[in-house]
Amino acid sequence: MFRLEPRASAPLGWQIATPILAVLATMFVGGLLFAAMGFDPVAAIRTIFWDPLFGPAAGYSRPQLLVKAGPLILIACGLALGFRAGIWNIGAEGQYIIGAICGAAVALAAYPAEAFWIFPAMILAGALGGWAWGMIPALLRNWFGASEILVSLMLVYVAQKIAAWMAFGPMKNPEGFNFPGSRNLQQYPAAANPELIANSGLHWGGIAAIVALAATWFIMSRHVLGFQVRTAGAAPRAARFAGVRPERLVALCLGVSGALAGLAGLFEVAGPAGQITESFGSGYGFTAIIVAFLGRLHPLGILLAGLLMALTYIGGELAQMMLNLPAATVQVFQGMLLFFLLGFDLLTRYRIRRRT
Amino acid sequence: MTDVFRAEGLGKTYPGVRANDDIGFSVGRGEIHALLGENGAGKSTLVKMIYGLVRPDEGRMVLNGQPHAPADPRAARAAGVAMVFQHFSLFDALTVAENVALGMENPPPRADLSRRISEVSTAYGLPLNPARRIASLSAGERQRVEIIRCLLQDPRLLIMDEPTSVLTPQEAEILFATLRQLAAQGTAILYISHKLDEIRSHCDRATILRHGKVVGTVDPRAHSARELAAMMVGAEMRIIDRSGRVPGAEILQVQDLSSSGEMALKDVALTLRAGEILGIGGVAGNGQEELLAALSGEDPTAPGTVIMDGTDLSAMGPEARRRLGLLSAPEDRLGHAAVPEFSLSENTLLTAGARQNLVRHGLVDHSAARRFAEAVINAFDVRTPGPGTAAGALSGGNLQKFVIGREVLGKPRVLVVNQPTWGVDAGAAAAIRQALLDLAGNEAGVIVISQDLDELLELSDRFCALNQGRLSAPRPTEGLTIEEIGLMLGGGHGMEVGHVPA
Amino acid sequence: MISVFILLLGAATPILFAALGELVAERAGVLNLGVEGMMVGGALAGFAAAHATGSPALGFAVAALAGAALSMLFAMMTQYLLSNQVATGLALTLFGLGLTAMFGKPYEGVKAPAMMAGPLGLNWMIWLGLAMVPVVWWFLVRTRPGLILRAVGENHDAAHGLGYPVRAMRIAALAFGGAMAGMGGAYISIATVLQWTEGMTAGAGWIALAIVVFAQWNPWGVLAGAWLFGGVTVLQLRLQAAGVAVPVQFLAMAPYLATILVLVLISARQKFGRSGGGAAPGSLGRPFHALR
């Protein structure tokens, strides 16, 4: 038998090793799953994790990496801030949708004007929309003590209904032959968020993600705010003793993560997605939770985890086309990955000893 | 005297610590037997083995002539061992009857149990209403629940772990009367404490532990408190130097201080002079934490209630008060005064950010924090590999020295500490008390909130007591008797009358 | 009027099952945010079994097993590997949604077998759900295992100190919670929608979690909360059918907004101390690790 002995602090080596172990375990168990379903496990794993980067169709799929990783990283940066403080925003998906709607609203209101201020105004509107949607759970928690987990999650469903209403109602494209969905912003130059370097997949959202990573790193390691966030998460009473006001931290973390998710939504609607549709929310807000955890709430980790998650998205689509794997494979992989990560995390927090 | 319980050659090793080594002693029928030792001497490991919470590595125990090797507490209870814990093992949201039922192997039906609780509790002078929720009971009443729970099992051996640490002197007297009554009926009682006076006046024999070994079993009445202390510590205690203190001008005024919450402060008033130590006694849970929070700034209070050097601090948060020189050290080291997962160096940032210039324009100077942590470690002899060590990895005494040292090096105008030596070994406790005296010697005002009366009498110039959120008027410490202090502490709230609400 | 009440009872049943199960888990001190995942798992497994055998009863039994199996994943992670309960619950939900999306494809567009009718025009599952309320109450308040379960949830260190098996109690409570969530999910696929669609629980598991808070951890409160939710759902469907001049999407938001409102009201009551009801179990969400 074994017994667990708590460690006083988490060794860096294990902190780095556990996400890698979790990825390997996911590949292994995923392979078993594929084999059980009658697929060739080696081919499936290679298609998901290798081919998007180095396979025959890599020329097409490589730029997709940044397209998918951008929003994930952007959202995960904000979530990591809150998770560190013990503030659980799991409604980033809703903030993402509302950010996109607000940004698109500015563009559609200005249509067809061509002016330099339109895109910046959209960015502002997207961030503000996400911020406001994130502030609802923050204020309800500060004023009434309502659980931010449940409120932020309920608001995802509300946001989805609003997106559907927009697509069928106020934002419906008047020239769209009565199909639901807004005008396509990609075809509206003043509002479009195009690829900045051909075939790189980099658009303004990617730039924003890089800025967010740098800012997160700076705040968490250098600024007193980062110290306060970490203190609040590790020992709330010590944080109060140090002079941290918990209500301000709740508002800050939910507001910032909401704004970043809103930005991600805006860059998506003005870029790759192009329009508000009934099913605009594509799950980035939930996957970003996994990215934040897998990246150990650390900017560098989030960067790598975001790229890896993007890879599974692209690889999953590829496997769907090439091998006929079910579309939901990616979701299963992502859920499994989070499980393994949380399980292996034991190694960072405890020392395992043989019972004598 | 026939032995009810006997231990022979008991040993237990934890990683890096020999907690118990070749322990042997016995408790006789009808005997109140003291287990005496400092924190960390191995008392709690020993009783956990008797109660089945820890299994010994070697040695054997005998209970009533039978080998005693309980696999878990239920087996121990079945064999006739009962235990009253230092930190109550009660369930706040449950009723007295439910709590008692949880402590029994085969509780009778609810109605019978409630009746028996009333009967037994009255018979032993500890009346209790079985339908009340634990959350609504005082510390003394909670202890009664624990004792009744034990008594209903007719234990052969009753273990009491530091039972008087939460009681006023008067409440403690009632407890001892109950224990004597039990002993007279033949119950063997193992009484754990480090309070020499109560052991000398109430126990038949005392087994003294030091560093996990039995130093000896003695008749405590035949030895002076000083001799017992020497056996317990292994050396004469360091003499505290309280010379050189001249109280100066008033620096802190607190008036009409009230708070809300479960244990609200009610119209607390006090003054503090430079160079003075004000001792605040009282049983924990009577508003100590609330008072510290109101003074530290964690819970700001109404305007005009906290005034330092003519400045009204009432509305200020902890950081603003620290800038002005009002520092504090809360009771709970892990999670309140320090973050266990953080390094010592990071823990300096909790309170010393502004005063030591560790945070400038919102930016953290990590190397300055490290240097300051090293300064605290050196000045207060904190035993640790270095400032990078996690606070949670330090022993209680060393972390407490660090916490107190962090504030003392901040050169406070006023320092407020709560239970500064709770759970700390004697050496560290002496060092901390000396640091507080030195601080007062340097013309700072110090408020010491503590449950330890000996400590307060040793340190403070004036003494007052906190009871049910009210602070008594302070009196000069010199010339105070223990009886007077007992009365100031509230004279055992309801303990003598033993009210049972209908 | 009576038919409206029957509709209400039907709409309340999935939430009632899931919330009663979660209530027991939370009273044991475990916060399992994976209710949604276990419900959707039960919805698919139950539907598949009912479809394959033609027996809805067998479907619900399989759904209970599937929900319990998923909860054991959570139990293993949180009780043995001591992982964070919030994160693990989220993982369970994401995993359950993914797994069912993956394996549910063959069942899309397939019809459910007829539900077993019970007395008074209510099917047997509605009756079972209603019966579970007093059963859970009786178990928690009147039986010794129930007392031990509450003790474990209230203060796990003290319960351990008295020699009670904290981990085993919690695992049992989680298994019950999983089985109940599974049956609640299956009610949606077998008895309400009559088919399987991806992600069909649509937040019911999260609403169940909110109902437990609303109920202040009391089974009778769960019944009230589930009926309230059922009422809102039926009302908005009625209004949709009646063609009220409000966009459908707004009506469809009603249950989620009602949940937020209820959560705010009850939290405010607890915060401002006008609460006569119970507070959260003392050890809720805290990991237990006995040092021996």
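Going in written order, the chains are labelled A, B and C, and every chain counts its residues from 1.
We adopt the following convention: a contact is a pair of C-beta atoms (placed from the backbone, for glycine too) under 8 Å apart; a residue touches a chain by one contact, two chains touch by 3 or more.
Protein names from UniProt, one per chain: A, C = ABC transporter permease; B = ATP-binding cassette domain-containing protein.
It should be emphasised that the depicted structure is a prediction, and the values quoted were computed from it without experimental measurement.
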Path length in steps (a step moves to a chain that is touched) from subunit A to subunit C: 1
Which of B-C and A-B has more C-beta pairs touching across its chains: A-B
Computed distance of Cα centres, subunit C from subunit A, in Å: 27
Between subunit B and subunit C, centroid-to-centroid distance (C-alpha), Å: 43
Centroid spacing, where centroids are CA-atom means, of subunit A and subunit B in whole angstrom: 48
Sites on subunit C at which at least two other chains make contact: 292
Residue ranges of subunit B touching subunit C (in the complex, touch as defined): 52-55, 72-77, 85, 88-94, 98, 101-103, 107
Residue ranges of subunit C in contact with subunit A within the complex: 33, 73, 77, 81-84, 86-88, 90-92, 94-99, 101-103, 105, 198, 202-203, 206-207, 209-210, 213, 247, 249-250, 252-253, 256-257, 259-260, 263-264, 267-268, 270-271, 289, 292
Residue numbers on subunit B that touch subunit A, as the complex places them: 15, 296-298, 317-320, 322, 330, 332, 334-343, 346, 349-351, 353, 359, 362-364, 389-390, 392-393
Subunit A residues within the subunit B interface of the complex: 5, 8-10, 222-227, 230-231, 234-235, 237-238, 240-243, 245, 353
Subunit B-touching residues of subunit C, taken from the complex the two chains share: 144, 147-148, 150-151, 154-155, 157-159, 161-164, 278-279, 281-282, 292
